[in-house]
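Please see the structure below; I have some questions.
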Amino acid sequence: MNPTTLKLFHGIGRYGVLLALLALILVGWLRYENFLGAFNVLSVLRYNSMFALVALGMCFVIITGGIDLSVGSTAALGSVVAALLSPYGVLPGLLGGLAAGLAVGACNALIITRLNILPFITTLATMLAASGCALLLAENQSVSVSYESGFTELGQGDFLGFPVPAWIALVAYLVGSLVLNLTSFGRTVLAIGGNEDAARLMGLPATRVKALVYLASGGLAGLAGVILAAQFGAGQPIEGVGWELFAIAAVVVGGTLLTGGVGSVGSTLAGVLLLGLIFNILNFENGLGWISLSAYWQSVIRGAFLLLVVAIQARLSMRAEEAAS
Amino acid sequence: MAESATTLPPAQRAPRFDIRLGLTRYGAWIALAMLILVNLAVTPNFATWQTLNVNLTQVCTIVIVAVGMTLVIATGGIDLSVGALMAIAGALAPLIFLGKLFPLPHPAVGIALAFVVPVLVAAALGWFNGWLVTRLRIQPIIATLVLFIAGRGIAQVFTNGNLQVFNLPSFQFIGLGRVFGIPFQAILMVVIVAAAAWMLRRTVFGRQILAIGGNEKAARLAGIPVVSVKQRVYLISGLLSGIAGLIVIARNSAADANLVGLGMELDAIAAVAVGGTLLTGGRATVIGTLVGALIIQLVRYTLLANGVPDAAALVAKAVIIVLAVWLQRQSHR
Amino acid sequence: MAPLLTMHGIDKRFAGIPALRAAELVVEKGEVHALIGQNGAGKSTMIKILTGYYRKDAGEISFDGKPAEFSSPQDAQRAGISTIYQEINLVPYRSVTENICLGREKRRFGLLDWPAMHAEARALLARFNIDIDVHRPLMAYPTAIQQMVAIARAIGFEARLVIMDEPTSSLDEREVEVLFGVIRQLKAAGVSVIFVSHKLDELYAVCDRVTIMRDGRTVQVAPLAELSRLDLVTAMLGRELTQVLQDGHDAGDPDSEARQPVLKVANLAVGRKVRDVSFEVRPGEIVGLAGLLGAGRTESVRAVFGADKPDAGTVTFAGSDNRIAAPSDAIRAGMGFCSEDRKLEGIIPDMSVRENLTLALMPQLARRGIVDEGRSQEIVDRFIKRLGIRCAGPEQRIRELSGGNQQKVLLARWLCMNPKLLILDEPTRGIDVGAKAEILSLIRELAGQGLGVLMISSELEEVVEAASRIFVLRDGHTAAELKGDAVNEQSVMAAMAHGHEDSREEAHG
Amino acid sequence: QDLPKLKQKEKYKVGFAQTESNNPWRIAQTESMKAEAAKLGHQLVYTDAAGSAAKQVADVNSMIAQGVDLIFLAPREEKPLIPAVMAAKKAGIPVVLLDRNVDQSLAKAGRDYVTFIGSDFVDEGKRAGEALTKAVNGNAKIIQLEGTTGSSPANDRRKGFEDYIKAHPGMKVVASQSGDFARDKGRQVAETLLQAHPDATAIYAHNDEMAIGAIAALEAAGKKPGKDVIVVSVDGTRDALQAIIDGKMLATVACNPKFGPKAFETLARYAKGEKIEPWVINTDRFFDKSNATQLIADAY
């Protein structure tokens, strides 16, 4: 890529995803009744907060130039552990799910930094392993959470009229953004993605930071698992399929480069909302009754939409590149 | 000029055999050998022809897809759409030979077209992936994610999600036929592996693939037509996925757009990685991929035949993948 | 007084091949110590062992009187050793400030204090007379600036010892002078410096003592003043090499003036930097392209080679104006281009020397797409011999070669094609004196056989020595064309600084 | 709080939250719902959760937001769909469950949702066990091909079957592995298990697709399905019936996917104010040699 356009590209990435998001909201508002009603908005936020957490971890991982395919099954494992511990109260459930996520993250970190195995294959393996552990712990079934302990408030409750999971995600994004932009940890994350060898020669603690990033991704996935258990009242060992791809797509749509070194936390959130809204819009479209879309057409449309967004982004950045050089 | 060079003392070669080097080169083979030994010891009825037969036929589709994946990965890319392309090819073939798309003048024409058209369509979609990667410069994971999401949907739309059942031995030869008692699909697999391995080592195209994966900018400046090489590689991956799709439906006497090739991308990538190909590109071995796929297949067989519960099997599979890849990576610093 | 650093009996093998054998290095407090040797002698390896990037096989290191064993560059940095590595090792996507301040960020209330860091970056760069926008990503700046940023970063640490591994290979003379000023300041402040360079003049300008390495051994340690250039070279190469220092000013083929140009570039414009560049190269002629850093030389030749798209102008190659839209077109037409950044745009690190060498030749080596291994082997062997490429064998991975030897492989990549025109962007960057002489004489020899050569070099001396004609670029314009007696350092320097409108008229007349 | 009422109207806007549509059974179910809605002139809002219980809850929420009159929900799982049922109730929208129930300790028919229309997976497994036991006189070494690990039909069909054969000491499950409800996977798993357990005399598959795969595996291993090894399964697809007719399969317990008529009949009854029983049983059939030939035309 031409040097001078990097900022531009990045700006447009951020810009593009926001524009697409606004356009989608506008279409929804004009076309469907109750689309912007409080009920729909809040339930979309409540549901997508899980993906937002997972995507936040993915965002950091991708900025270091890595990838984490294990987030989906880590969330499933987290939900099972949280559900098993929920009878003991809110805190044990919360910490349990988090710990399960951190455990998977620690495995990833150790394998990647100590055994020097590429993140793609490492997390592919831990994806299988976490899913296996979830099924073993849950004995192949969904695990009920305790409704008495108040644990479900973490997923189903509201605080100041706003869903609790959405609050959690919001706080996580604020912290994430702060860490990336205003701490040396965040700067090191960016440096590792730009050129890991250089970062190491520059005397940065590259190994430690990389390990921490995978740990954080695991932890956030575990937290998403806690919300999953609380929101649906059950730990679900077979949930989480395809979450990793959703998260990767959201991060990329948000303008972060998969090659690492550049990225933004805020536009990742926009990416999550954008992709999340597509499902919602498709459901509303079905409700109009003009066309009753089969599930098959829905996936074709989702694929086409993803293509459209990334293609527009690619064109914009190419244009910017030409203009700048 | 020539004399001045002789002033440099000849560099010394490593005289002794380096164990770590050996591990790297033969890691996958060692893992495979160990698996076979373990099986001979614990798995009932392992040393039989039928076992070999079962494993060979089961591994074929993974190997065929993984060969294409190896080439894509060698250029520094990845192809998530292989499973979806298998489904498209698999859905298309019966539509053709059952005459649902267009009337057939003669059944033989239908069968011939059913071999050719789906594979070409898959290849064309592979080319489309390559187009997204090279022309629109979309990152490979995302570019192929598009067809990963939409591709199976397209196959389901063709068939409205319905199972297409058939019984057509001449078509099903590709999945069920035998030549001198050897399953035809296994022969096809060997031919594809041999051709790809030879291509990667001995042809200009093979070198170009590796050069692009090794350093794309340098490759371009050395006159390598990066765009067309990459497009061809994705096309090959699509084409091989198409063939694999046909094999799957042929051996099942049914095409199920919902399930053909489901999860194949991960199996193929795992086989490539376990086989010793560098996932970042630039270094690749097709024979390694074959060995990698055999390892994965054998792990699956071992766990199933010994009654390991599915959940535990997942964990075991993960451990074995990590171990196998770790064996490969010993030489790196 | 005890020395600041002692490295004693250092051994290091890579995959069984020795890179260092009982090497020694002693650096006193407050001295500038030169570390020299042929390409592949082990200088960079020695440095990387000191900073803990590689682990040594044997030997002792003591730093500041205490035994020292750094386990990572981070460790070494903490102990007060600040290093500029041979290949620029910074983070291209990140801003200049970040590249300078990473690892010792300024904080306020536990969070990063950006204004203070920008100010610090600006202040450090000001010591080098550099005034740039520190917010922009590093990759937006030319190699020279990046190199200066790397240096600024290194001296920004409160270091006791600053190591510079070929810091000047991508700097021009003005900048080198600035750097020397800073080195003298460091010395005055009691900081020791290890200085690696292949340019002997530079050593005499700043260094106090010298350690000479050959084949992984330390062969001589002495005050620099006691050694002549000839002594240095003899110790480095292990033999007398009279012809190296014997500057012949015979540039190419004397009849070339009469021939039709093989390359004619008129009014070329590319991007923002190159606005109006014209030059030509005749067969058998070595043409130099001179200019200050950032004058647009690289951009011009990249466009000629089809690597970038020109906005305006005509490029006529070999008489036809077949459009050259991509490097593959240019190569097919008989052009070769050795780019200035060998790590990013030259080598394919994981491929063998053989594969790297024959990369561009491959289509020709092949019959119906199948590579002819026999012929490729033969060509590779020939060029390894001819250029004196030091490697364990043609199958060694090129990333394991020393920088200079990598450069030779890249040169061979183009030479083996028998091109009509060879474009060399900084061809001798990082190459030792012996090899440089060999490469230059090889280029001359080839020019004598009718090859046209277009050479960019930041070393004026080298251009003047090799070229029979020089085009001087300034701010994206062709500022002057010099030939015959006008080819001398004074006139080139004058043209670079002020332009030379008359000669320019002449060029187009 | 009471069950929400449904006004009597000519045409309704009805939601149908399907679980997934990746197998013939689900497709037949969806088709039946769509056809019936079209016949009666109702507007059907259809969503597909693609196998995710969480997404199904979100789907139900989007139906609530669109203000449908009633929701037919085919719950992906017993427990995680409770929040969807409760949200609909809170929004005043009655819910009718199809083909799977929700956890009875958390939600009750007649209080939280109108009713459950469907069959009983556990019972299906039990009936398959019964048929097999009878056919082999209580003596068999059985290979079980399970559905997708962790999915409720797999768990229930396994439970029903294993509970039943517990009473028959001659009936032994020698191997039990997942074939993911898929023909290809079922075939591969059967091939492997037959290698490891060549003495197996019966195969119980959790659905017909895997059973058909197992039959192919048997034939490839040189065994005669229906003679050397007896095959039973669940579903009642056309292919399975054909296999029964061909003598390759013993029986299949039908699980009828055609929910449309019953579902909309229940809607009409509820709108009229009738009291609905908590479990509207959708009759399952049982196919074996005796009736397969007559009924194959009806199969999906």
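For reference, chains read A, B, C and D in written order, and residue numbers begin at 1 within each chain.
We adopt the following convention: a residue touches a chain if its C-beta (ideal position, glycine included) is under 8 Å from a C-beta of that chain, and two chains touch if they have at least 3 such contacts.
Chain identities (UniProt): A, B = ABC transporter permease; C = Sugar ABC transporter ATP-binding protein.
Just so it is clear, the structure is predicted and the values come from calculations on it, not from any experiment.
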item: Centroid-based (C-alpha) most distant chain relative to subunit D; value: C
item: Euclidean distance of C-alpha centroids - subunit A vs subunit D, Å; value: 33
item: Interchain centroid distance [CA atoms averaged], subunit C/subunit D, Å; value: 71
item: For subunit B paired with subunit C, centre-to-centre distance based on mean C-alpha positions, whole Å; value: 42
item: Separation of subunit B from subunit D, taking each centre as the mean of its C-alpha atoms, in whole Å; value: 35
item: Multi-chain contact sites of subunit D, meaning residues that touch two or more partners; value: 21, 149
item: For subunit A, residues contacting two or more additional chains; value: 135, 140, 294-296, 298
item: Residue list for subunit C, restricted to those that touch at least two other chains; value: none
item: Complete list of chain pairs which touch one another; value: A-B, A-C, A-D, B-C, B-D
item: Subunit C residues within the subunit B interface of the complex; value: 15-18, 38, 215, 237-239, 241, 305, 307, 326-328, 330-332, 337, 339, 344-351, 355, 359-360, 362-363, 366, 369-371, 373, 385-388, 390-393, 413, 434, 438, 441-442, 445
item: Of all residues in subunit B, those that touch subunit C in their complex; value: 1-2, 4-9, 11-16, 18, 21, 202-205, 207-208, 210-211, 214-215, 217-225, 278, 282-283, 331
item: Of subunit A, residues touching subunit B in the complex; value: 67, 111, 115-118, 120-122, 124-129, 131-133, 135-136, 140, 245, 248-249, 252, 257-259, 294-300, 302-304, 306-307, 310-311, 314-315, 318
item: Partner subunit A, residues of subunit B touching it in the complex; value: 80, 132, 136-139, 141-143, 145-154, 156-157, 160-161, 266, 269-270, 273, 279-280, 309-315, 317-319, 321-322, 325-326, 329, 332-333
item: Interface residues, subunit B side, partner subunit D - complex; value: 43-45, 48, 50-51, 54, 58, 156, 160-163, 165, 248, 251-254, 256, 258-260, 262, 300-301, 304-307, 310-311
